[in-house]
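Next, two complexes with chain A in common: one pairs it with chain B, the other with chain C.
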Partner chain A sequence: MSVLVTSLALGSLYCLIAVVLVLHFKVSGFLNIGVLGYIALAPYLVASFTSEHSSIFIFLAVCLGIMFFISLLSFVIDFGLFKPISRLSSAMKVIVSISVLFITLTFIDIIWPSGANLETPVGTKSISIFSIDLLLIDAITLFVAFIVVFGLFFILSKTIMGNRLLAFAQDQQTARAYGVSPLYVKFLISVFTGVMASLAGILLASPGSPRVGVTSVIFYSLIALSPVIIARHSDLLICFISSFLVAFVQIFSSANINSINEGFHGIVSNFGLSTAITLGPTFADRFVPFAIALLALIIIPSRWIRDDANG
Partner chain B sequence: METAMSDEPLDKAVELVETPRETQEQERRGIGFALKGVEVSYSGVQALKNISFEISSGERVGIIGNNGAGKSTLCDVISGLIKPNVGKVTYAQADATRKSAIWRAQKGMRRVFQHPVYFEDLSIVENVMIGSPPSRGDGIVSSLLFPRLFYKEQRETAIRIMEYCNIAENDNHSGVNLPYATKKRIELARALMGNPKILVLDEPAAAMDEEERAQYCQVVIDYVETFSTTLIVVEHDVEVIKTLCKRAIALDAGEIIADGEVIPVLRNDKVIDLYLGKRV
Partner chain C sequence: MVDYIIIAVSFAGIIVIAGSGLYVLTGLTGQISLAQGAYMAIGASVTSYFARTSTEVTGVLGGQGLVFIAAFAIGVLITALCSAIFGFLTIRLKGASAISASIAVSVIVLYLIERSQFLSGGSRGATSSKYLSIGNLDFADLTIAGHTFDRNTSIMMLIIIMSLVIFYYIRNVSRSPLARSMRTIRERDVEAQTCAISPTKTIVSAHFICGLCAGIAGALYAPLIESFEISSANPWLGTFGLIVSMQILAFVVVGGMRNYWTCAGIILVLAFLSSFMSEFSSSIPFLDSAQGGRISPSQITAILSSLIVITIIQMRAQFLKKHL
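Moving on to the complex of A and B:
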């Protein structure tokens, strides 16, 4: 049961991150890895402005301020700094965005040389719902991530502004001729990025399982690339589903790592061999998510996934 | 829907709006524009050479010419998707040469593309709604705070315009399976959604059958007559030009070879040569 709850919570965070990446892809035509830098940055910022004694209101106010700041940052970096290189190929842009990520991480290292410690008003309290004990932070994560993701789906499919965004994502020329301003769309994407990236970063870094503090946020957000790969970076629904799939298999295999090891050794000895290799946490956290992604690339026919981005 | 061609005018366009007809006509009245010495070249190929003409408010002009004559490029210049290398564009006497397509769309410029664009993530009604005028209370901040403020109202308008444009398909149709002619009609509805003051149609009737074409023309003529919209039609079919336009401009290899009333232009020697393909 706890495996299920933890993987739902983690999956909803992957979903937040993956959806941001997909939105950026839809509008700018390349996978903007630099966005992961904001996710890493958010918890450091929150940790600097709050302490374990901060009241919940101050904590929420700081979070809001940081969402605003990251929206601005995304607008300036993703749509301002990337403008001069708009003529480069999308492969080059991905490489540039990776450098942006590393520059952000270096900044974090310079400003917070000894790391940071994020204390939330929630802490590691747990609650019991229907006689199931779960961490309060897991419940909050699930709640917040679901609201945000469904809010986004609602905006995209049921509002004029969201429809304009989707239209712009498919055909910028035509959308412009109907008066959809690129600035409007880029502003929207920045706001979504600010809200979703900050939330993902803060919730990932909050104390509680399986998260282990601010330093591992960037690592977990890299795993969110796996659902992006499965969704061929353009299908939001597949992105949504595969986030949970990846999280579940990841949490499941790390919880059952001993039996997986036994099985592995059993298979090896069937061939009359013996091995000293023991599969550790790396297997669950690094190998499994991307193995799923690669497998999905092979077995899901690409015609199931509409690639409607125009580079 | 039964008979495509009836002699009486539709005159249904007025029903599209609730406000008194007079104010609507005032607000929507077409605007004129002019091109002066416009040249456009694509990396070496000169698509438009020294194009100058003036179109007054409410005028209906057809543009004819061979494949590759530069008709679509001309539409791009008018709608602002391409900025001319040389020359000047004015909208209602104001210089618009460097103004963006968005600025022009806000001024009431609407365009139907040669190859219809259907936004596949959206339903038919939503596709039409994309054309709604961008300035109406849906600025960035207000649309974030009240995302559904004008939704219902605009949806109703869109449905009325779809009926007006004879779009019978309902929301359950997926965009992929729509017939070409329907996509063309959706484009027209999307353009009309924006209360156009200048309406540019790039080969609207291509790939339509006789009946569909007549129906389409009737809708367009009804609309532009009701609101005195300025109309530009690019078309290979001479009948469509004769029905919709009073004036014609003939293009050949990026140059204007004839400009004037429709019939004299069509009888022009150069134009006849062009259409009969006698030209070398």
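Moving on to the complex of A and C:
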């Protein structure tokens, strides 16, 4: 049961990150890896403005401020860096987004050379729901992620704002002809990015299993690329499902690492390598999610692949 | 100053070799890859493993004690085969899917090397072989006409020779029928098949050449830095992390993917500048973190090379806007 609960909490975090990336991809037509930089930046900023003695209201106010700041940053970068190169190929845009990530990570490294310690008002308190002990931060994560993701699905499918956004994503020329302003769409995407990236970053860095602080955020963000890969960058529903699938397989293999290690040793001992290669405790984090993503790319039939060949 | 230049030239040569492979894959075939750093890691660790002698082996690190040229050939071939297998598996992927797949394969490769402790040396890290014998010449301690060069200068010469060989080879590849097939696949893959061009053969060949160059770059990079650590703890950073792949890809894209001469020239200049800035900034006390400053040379390099890439891409967009 604990595997399931932890998987749900981690899956919902992956979902937040993956949905932002997919949304960006749908609207701008390229994989904006720079978003991972915003996710990494958010917890450092929150940790700088709060302490373990901060009240819940101050903490929430700081979080809101950081969301606003990340939204603004996203908008400025989108407008300043990506708009001028809108006619270039998607490869160029991806490279610019990689450079943005590069700069963000380096600035984080310069400003916070020894990392930061994010303390949330809930700490590592746990609650009991239906006789299941659950970390409060995991419950909050689940709640927030579901609210945000389903809120986004609702906005996209039921509101005029969402329909405009999807129309722009599908055919920019026609959408513009029907009066959908590109500036409006970019503004909306920046707001979604700010909110979801900040939430994902802060929740990922909060103390609680299986997360281990702010320095691991960028690694978990990288794992969140797996659902994006499985969803071919364009299908929000598959992205949603695969986030939980990746998290479940990751947590399950982490919980059963000893059995997996024994099985692996049984196989490689035939090649005389049993003492030379060990899977180690990091197998679940560093191998499983990426292997699933790669496998999904390789085995999913070609007809399922959407027309995203050029970005 | 001379030391900085020697290191910068060596680094630039290595990046030109790795970038030339990526030029074939990205420039000619249109497949984008961020796995070049991981392939370099394979080249570096496998070559070092086969070249290390029993006296150089410590702890869990392994070694086979082959002469450098044999170890080099095995390391490069294994890297090229790994790259070709990856190319074969991801043959139908393009654009963002190809980038994502290469990120996934990078992390997996780094993890597998890390866990193979006879290659990576575990937490202690791995060392390269002290001897770099090619025929009668030992490029770790080169003596020409009675004059003995130090290790770094000798390795720089080896890197320059290999860069020229690769340059000549890729220039020939870019003029060959294979390159025409690659360009056709890049522009019109469906039409290419009607012209009896096999996408499988062409794309796998491009991946093989890309892996070959990355393997050579990695095999030469290991002796230059002498000891290296391969870790998947943070796949972004590290000697062969994703950021290295990104840097190489950015240099290739900025260099222009149509003409190999221009591309190789620009990669050389950017890599030299990047490495020189990095090496030279370590002598400025207020900058270097090791001397009480706030910013390390690698951080300066990271920021400046990213800014250069962004500026050049923005300038290219402005140029196209004005002239098209």
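Just so we're on the same page, the second predicted complex is superposed on the first by the 294 of 311 C-alpha atoms of A that agree within 3 Å, B and C clash if a C-alpha of one lies under 4 Å from a C-alpha of the other, contacts with A are read in each partner's own complex, and residues count from 1 in each chain.
Throughout what follows, a contact is a pair of C-beta atoms (placed from the backbone, for glycine too) under 8 Å apart; a residue touches a chain by one contact, two chains touch by 3 or more.
This one's a predicted model, so the numbers in the text were calculated from it and none came from an experiment.
Novice: After the alignment on chain A, I want to confirm one thing: do chain B and chain C clash, or do they fit together?
Specialist: The answer is fit.
Novice: Check whether A:F25 is in contact with chain B, with chain C, with both or with neither, and answer first, second, both or neither.
Specialist: second
Novice: Between chain C and chain B, which one touches more residues of chain A when both complexes sit on the common chain A?
Specialist: Comparing chain B with chain C, the partner touching more chain A residues is C.
Novice: So, A:F102: does it touch chain B (first), chain C (second), both, or neither?
Specialist: second
Novice: Look at A:A91 in the shared chain and tell me whether it touches chain B only, chain C only, both, or neither; answer first, second, both or neither.
Specialist: In the superposed model, A:A91 contacts chain C only, not chain B.
Novice: With both complexes overlaid on chain A, does A:A231 touch chain B (first), chain C (second), both or neither?
Specialist: neither
Novice: Between chain B (first) and chain C (second), which does A:A167 come into contact with in this model arrangement: first, second, both, or neither?
Specialist: first
Novice: A:I110 in the overlay: touching chain B, chain C, both, or neither? Say first, second, both or neither.
Specialist: So A:I110 only meets chain C here.
Novice: Quick one: the Cα-centre angle at chain A between chain B and chain C, nearest 10 degrees, please.
Specialist: The angle comes out at 100 degrees.
Novice: After the superposition on A, what does A:I77 contact: first (chain B), second (chain C), both or neither?
Specialist: neither
Novice: Just to confirm the value: shortest Cα separation between chain B and chain C in the superposed three-chain model, in whole Å.
Specialist: Value for chain B versus chain C, nearest C-alpha atoms: 7 Å.
Novice: If I apply the document's touch criterion, which positions on chain A are contacted by chain B in one structure and by chain C in the other?
Specialist: 308
Novice: Which residues of chain B touch chain A in the complex?
Specialist: 79-81, 100-102, 105-106, 109-111, 113, 117, 119-122, 126, 129-134, 138, 140, 143-144, 147-148, 150-151, 154, 190-191, 194
Novice: Can you name the residues of chain C that touch chain A in the complex?
Specialist: 26, 32, 62, 89-90, 92-97, 99-101, 103-105, 107-108, 110-112, 115-118, 232-236, 243, 246, 249-250, 253, 289, 294-295, 299, 302-303, 305-307, 309-310, 313-314, 316-318, 320-321
Novice: So in the complex, the part of chain A that touches chain B is made up of which residues?
Specialist: Where chain A meets chain B, its residues are 155-156, 158-164, 166-167, 169-171, 173-182, 184, 187-188, 191, 306, 308.
Novice: Within the complex, which stretch of chain A touches chain C?
Specialist: 25, 30-31, 81, 84-85, 87-88, 90-92, 94-96, 98-100, 102-103, 105-107, 109-110, 113, 218-219, 222, 225-226, 228-229, 232-233, 276-280, 282-283, 286-287, 290-291, 293-294, 297-298, 302, 305, 308-311
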